[in-house]
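You will see two complexes here that share chain A, one where it goes with chain B and one where it goes with chain C.
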Partner chain A sequence: MADQALDGAASRPLLSLRNVNMTFGGVKALKNVNFEVLPGEVHCLAGENGSGKSTLIKVITGVYKPEAGAVIDYDGQSYSHMSPVTAQAGGIQVIWQDLALFPEMTVAENIAFQTVIGRWPRLVNYAVMRRVAINALQRLGVTLDVDLALHHFPIAQRQIVAIARALVGEAKLVFMDEPTASLTQSETDYLLDIVRNLSASGVAVVFVSHRLAEVLEISSRVTVLRDGALVGVYPTKGLTQSHITELMTGKTFDYSVLHRDLSKSPVMLEVKGLSRPGEFEDVSLTVRRGETLGITGLLGAGRTELALTLFGMRKPKSGSVVLDGKPVRFGSNRDAIAAGVAYLSEDRLSLGLIQPQAIADNMVIASLDKILSGGFISSERKRSLVNRWIRDLGVRIGKQDDAISTLSGGNQQRVAIAKWLATDPKLLILDAPTVGVDVGARAGIFDIVSKLADSGLAIILISDEVPEVYFNADRVLHMAQGRIVGEFTPGATTLQAMEEAVYA
Partner chain B sequence: MTVLIERVRNALGPELAGPFAAFVAVMIVFGFAAPNFLSRATFGSVAFQLPELGLLTLAMLLPILTGGLNLAITFTANMAGLTLAWVLQSQGGVDAGIGAFVLGSVLAVAVGALSGLIMGLVIAYTKAHPILVSLSMMIFLRGLGEFLTRGGDVSGIPGFLAPIGYGSIFGIPVPLLIFIACVLIWHVLLTRMKLGFNTYMIGSNIEATRYSGINTRKVQVLVYTLSGAMCAVAGIIMLARFNSVRVGHGESYLLITVLACFLGGVNPFGGFGRVIPVFVALVVLQLLSSGLNLMGASQHLATAVWGILMITVMILRWLAGRLKFLNTNRG
Partner chain C sequence: MRRFVRSHATELALLAVIAVICVFLSFATDRFFTLGNAFDLLNTSSVNIIFAVGLLVVLIAGGIDISFAVAASVVQYLTATVLGWIGGGNWIVGFIIAGALGVALGCINAFLIHGFRIISIVATISTFNIFFGLLMFFTGGVSIYNLPDWLTTRVVLFEREMADGTWAEITLPVLIMAICVFATWASITRTTTGRQLYAFGDNPEGARRFGINIGAMQFIAFGWLGLMAGIAGLVQAHYAQEVVPNALYGRELDVLAAVVLGGARLGGGKGSVLGCILGVLLVSITQNGLNLMGVSPFAFKMIVGAIILAAITLSNTSIERLLPFLKSRRVPS
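For the complex of A and B:
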């Protein structure tokens, strides 16, 4: 274990946990976990979903009581368990992903409302609140109009407000849960600067993030958890993204570009001069049988709009689409599905799957006609269809009738893919298929995609993560402002060159 | 014992557990409290009162499953009843023949379906909220009906209609048979047909359903049309039972049908709910009011007890949910 003191002076840890065990319903959520944070340090807590990160945070903030034998040393005191009151009083603050702010209230009220809670005569002194709020923002090196309602500010600035509120509570240790999940690159950079300021002023920050690039950039040490157990504590210096991924998943991934010769394969989709003014202009592309065409570009480049047009949910203003040798014009997505086009939505939670409904129902919804017998739904056919796809795609489920929302992101995405494969598509459009899917499970999704292509399916893979298309597509189109501005063949270009072209 | 309870619960399904428990409780309580409760007379009166409320509840159920509501059910039933009554009147009133009845019934169902069709089209295409759309339809039908009847009764019904309201076949009341047939149709529709499947999906997430290639507008239009047609069946039976139609008759059933759906475990936001538990819930409501009647309480008190029952059921459901939560956490 590479757990050397970083600054030689061996500063005493601010927080030190030893032998933490937690069991939920027979499942060990934490197994003998040790965890340490130094004063003023930026520390990253890494692990896949279900690895025990949130459980650990909840033990530290006193939401959960660990099993007997645990020792928690915090700020010179020793505890067998924390309580929310001791954690709060000791200056431990958590900024959850949803921020828990009041959008209709002003910035000052959001930051300083705790200062007016509970004291007689329970009157609000706006002058004091404003002063407290401005002070807190100054400590972060930020100026915001504190009298404006919070909903006027973009999400990045709301993060700042949440951090400022933590400072008002005299924070010594701040946990940030996926703080950059909904931020753009420049907003993320801004937030990382704030975190650095916070750390320089002596506040320790524990960063929980899926985005490994940030983890490497901001933190000095990384604690990796896997399946509730500690993998190790590592200094960030010298770590690479792929190394962290391997530590998190316990698997090694082989990164190589595809080399498939498809020049003789027949063309499945040919699009010429397709336009929808304001969304995309003059898009031409071809996809062959067995080929995966990547489309990448920044948010708002028109990728999803193009996909929805190919899927018949929007009508093109001009241009032509030829599918499997026949010119097509779809009146709705029902026509598109009947012709063999399938579209996996980028928004799995609200458009891709019907979250409260059963796994089985989600799997058969697009191919109901296949499970009819004499006009009625045959529960036998339904069950056998569902069983087949669960087996073929390796979906891990409890019962077929459980709600789809009980599954992990990776398993949900497998169900969504199965739902479309059940319609016997010729062209499968995958729009951001790994959003909200764990690093380890992503590889499994791309294994499936690769096998599907080998079986003769034409695939369009849309993603804003350049490495994803680089390693999983035969050719990559770069879209910007509604136009195709470049084409890459991963074997002939370096990843770096492609990233520079797209992110520039 | 616990194994037995577990088995019964598995066989009945989670939604049925609540209404079924309420059914057992009502039988036990009134069986002791009212000595003549467990008699033919009680069940006879339940059997004759159940169908009207029951058919209207079926009409309410489909829209609720899609996440909507149909507030026009009672006035749609009145309009359908009026249609049949007018056809009979025009064919000789008390002397009208079977042919007139068949024609009138077909037209009545068509009128009910038309009312639903219009609502369905407006809801599907304008995306207006079903409460507003069906409220407008309710007020329209009420005004139209009162205008056409001048607020009075339409009567003069041939005698051969009486069996539909009061007759029995093999000791089972005819209205009950019609109701049970409709329950079975709804049950098959919801469990075995594409329309039923899509109804549940729309109720949970209409956009995701549309993205899956389902014609969600068609489903909505059909759901409201079927709801209107079911209202017409209720309207025909009401006509046969009362020998006349008056606009506003059965108005108080409107919210009771919503109550019966929720008592039967239907999710108020749509997407979940089954016909059989709703049927059991309806039987419980009728038994309650009959039992109270036998004990000499007024009908108004029975209505009050219905409200208390619903609140009790919601508290019990919350408690059951909590118990389950604690169990899974303890492991």
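For the complex of A and C:
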């Protein structure tokens, strides 16, 4: 009975857009785009940065008004454009990447914040708030302590709170903008379960994500945009990651494993029995000159903790590290940098780069001693250093003095890599280098990594996306619960076997 | 219980510090642990507590105000002058005039901050100088001693004769303080507007996306502080029985330190009325104790500064680090 009703409704789209055009300052951001979402479906919106995804979302939520000729059918009504008020009243909710939550307030208040909105002051009814919040969480199949302030919870749970908040707004259609960008694999799995529950309860979800594996896993259909135009709508069944990448970028990428003979290359890093109780135990590994060693594993596997220890920011309890033939024991990361270790942190946005500062300043910050002249920074040396790296890494920038925040994710990551290369490292540790970076730009970053390895650098590539290490590392170590539990050689092992081992 | 400790860490830390100081002072002096001294402390702290709860609202909304104490001086002076013109008045008229003037001065700050997008510390440092400069210029630094009788008459609400023949008294400022404290507590924790203020201070962009009127938030926060400053100004004139133009000059930093000590965060979204009161009381109790112990007043500032530093360090250190057994329950992931 219920199934029948759902089937009957599913034939009619919940949202249907036709002929949507948007122009910003002479640039066509959307060209004749059509877009359709069925009730209760999980739909993915795929496209590189600048392909028009955000613009489309803003048209649907009423932030932008499309050019004349557009038709928006939503929930049985026809509009020439939406307004934020009609969109919200109609149950269209957006979960922004930054979540827009209030960390100091309780979970209940965050979820039920809608109840304190209104023009005139009223008394707050905390009992109603709690009830509303618990109901919303129940619909998602989640229990959280609703009386605890939000800042006590990790990011994955804050995401759940944001989704629960959307439900309180009587959502029929929820947009999720890069919801998994800062989540680990197991947190992502948890979130995807929630999205399935949401969809099962009749709410349509439009998922915007760079991570194609989860796009394929969660959604039933994919709409691909490129340069503001619709490429097509595809059922996810039978689609592969490389196929979506091709559709998004219009280019074919060659996916092959590395074949480098490194058996004669000298060992650059040798780690023996390294332990930090509670984080990782008895880790031994070697990286040769010119080799890229992949490390993969789930949340809490100790990957980042190991990297931070190799970078001197944490002290090992036991074990030894030999770098370039010399035993080392770092007192701080300054020692590590001086000895030739560079670490590209996983959180580029807040830890890796200083967003409001200039591109040039970001690039030289780890190697200021190299551009000194008589004790002061020489602007000439700085300029030439920056120019060299911009050229070598193919960073696309306007001016050197523009703020780093003006660059795309991929270009920001190149600047972050350049910053470390400028320190003349022997060992480069890349921690999740493609988080928030477009598929097209990812290939560019791995080209750089490959060239750096060829030039004799030893590289450790940490990622929780198995395909990433599979295609870009010579050897891959699998970490779980602080220990190295397996070693793979791409080519000798299939990608599938490796994924099964890691995600099991 | 654990949840209570986690969410009230600052207040509990302050209470602990206050308790330690009180126990110490009770043994070190004979007069500290008496009803009379406790009442005195309340009487003298009232003005600062009224200022503090006003400032708390601005801090919660993510702002800061340096000008409120001199604004209170301006209000005192103008109110005394207006009361002179209209020939006396009474407490109600006095509060209406002082409150209205205070709100008006607060709204000037809000207007500068919201209308011209000036960050609040810069805007209020400017108005601090402007208010004080105008006051000194037009008054020539001359005090007003000729205040209406109702304003200078001490009003005793509760009294009890002590064994040594002195009288322990609670006076009118304590009642006014209690009303201001209750009104602030109720407004920020029990009304929708109060919760919007917290949300605005916590995440302005998030609040904007909810359709919260950002301008209104600024005017409400600074208007409330203005109201409290106006009331505090009148109460201070009553307590001192005179209006001295520079009597409150410098008070803003004492109050700010006490409020931050009480757990309000510079940057917004966090702070409680209870913490705020404990912050003021900690400073007053310390001063009172030093006084009773016969310490030179010249050393007061130094010792109070050190205590503020110690208490802030203590309350910034997470409670879980001080009491590790509380950490056992982790949020499931």
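Heads up, the rule we're going with is that the second predicted complex is superposed on the first by the 347 of 504 C-alpha atoms of A that agree within 3 Å, B and C clash if a C-alpha of one lies under 4 Å from a C-alpha of the other, contacts with A are read in each partner's own complex, and residues count from 1 in each chain.
One rule holds for everything that comes next: contacts are C-beta pairs under 8 Å (C-beta built on N, C-alpha and C of every residue); 3 or more make two chains touch, one makes a residue touch a chain.
Being a predicted model, the structure only gives us computed values, none of them experimental.
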In the overlay, answer first, second, both or neither for which of chain B and chain C A:A127 touches. neither
Looking at A:N333, would you say it contacts chain B, chain C, both, or neither? Reply first, second, both or neither. first
Once the structures are superposed on A, label A:E104 by its partner contacts, choosing first (chain B), second (chain C), both or neither. second
Contacts of A:T23 with chain B and chain C, given as first, second, both or neither: first
Return first, second, both or neither, reflecting whether A:A68 touches chain B, chain C, both chains, or no partner chain. neither
What is the contact status of A:L353 with respect to chain B (first) and chain C (second): first, second, both, or neither? first
Classify the contacts of A:A492 with the two partner chains as first (chain B alone), second (chain C alone), both, or neither. neither
Using the superposition on chain A described above, determine whether A:A366 touches chain B (first), chain C (second), both, or neither. first
Contacts for A:A149 in the overlay, against chain B (first) and chain C (second): which applies, first, second, both or neither? second
Check: chain A residues flagged as touching chain B and also chain C none
Could you list, by residue number, the parts of chain A that touch chain C in their complex? 96, 98-105, 109, 113-114, 116-118, 121-124, 144-145, 147-149, 152-154, 156-157, 187, 299
Help me check something: in the complex, which residues belonging to chain A touch chain B? 23-27, 313, 332-334, 336-337, 343, 345, 350-357, 361, 365-366, 368, 372, 375-377, 419, 423
As the complex stands, chain C meets chain A at residues 3, 6-7, 189-196, 198-199, 202-203, 205-207, 209-212, 265, 269-270, 331, 333
Contact residues on chain B for chain A in the complex? 188, 191-194, 197, 200-201, 204-205, 207-215, 271-272, 328-331
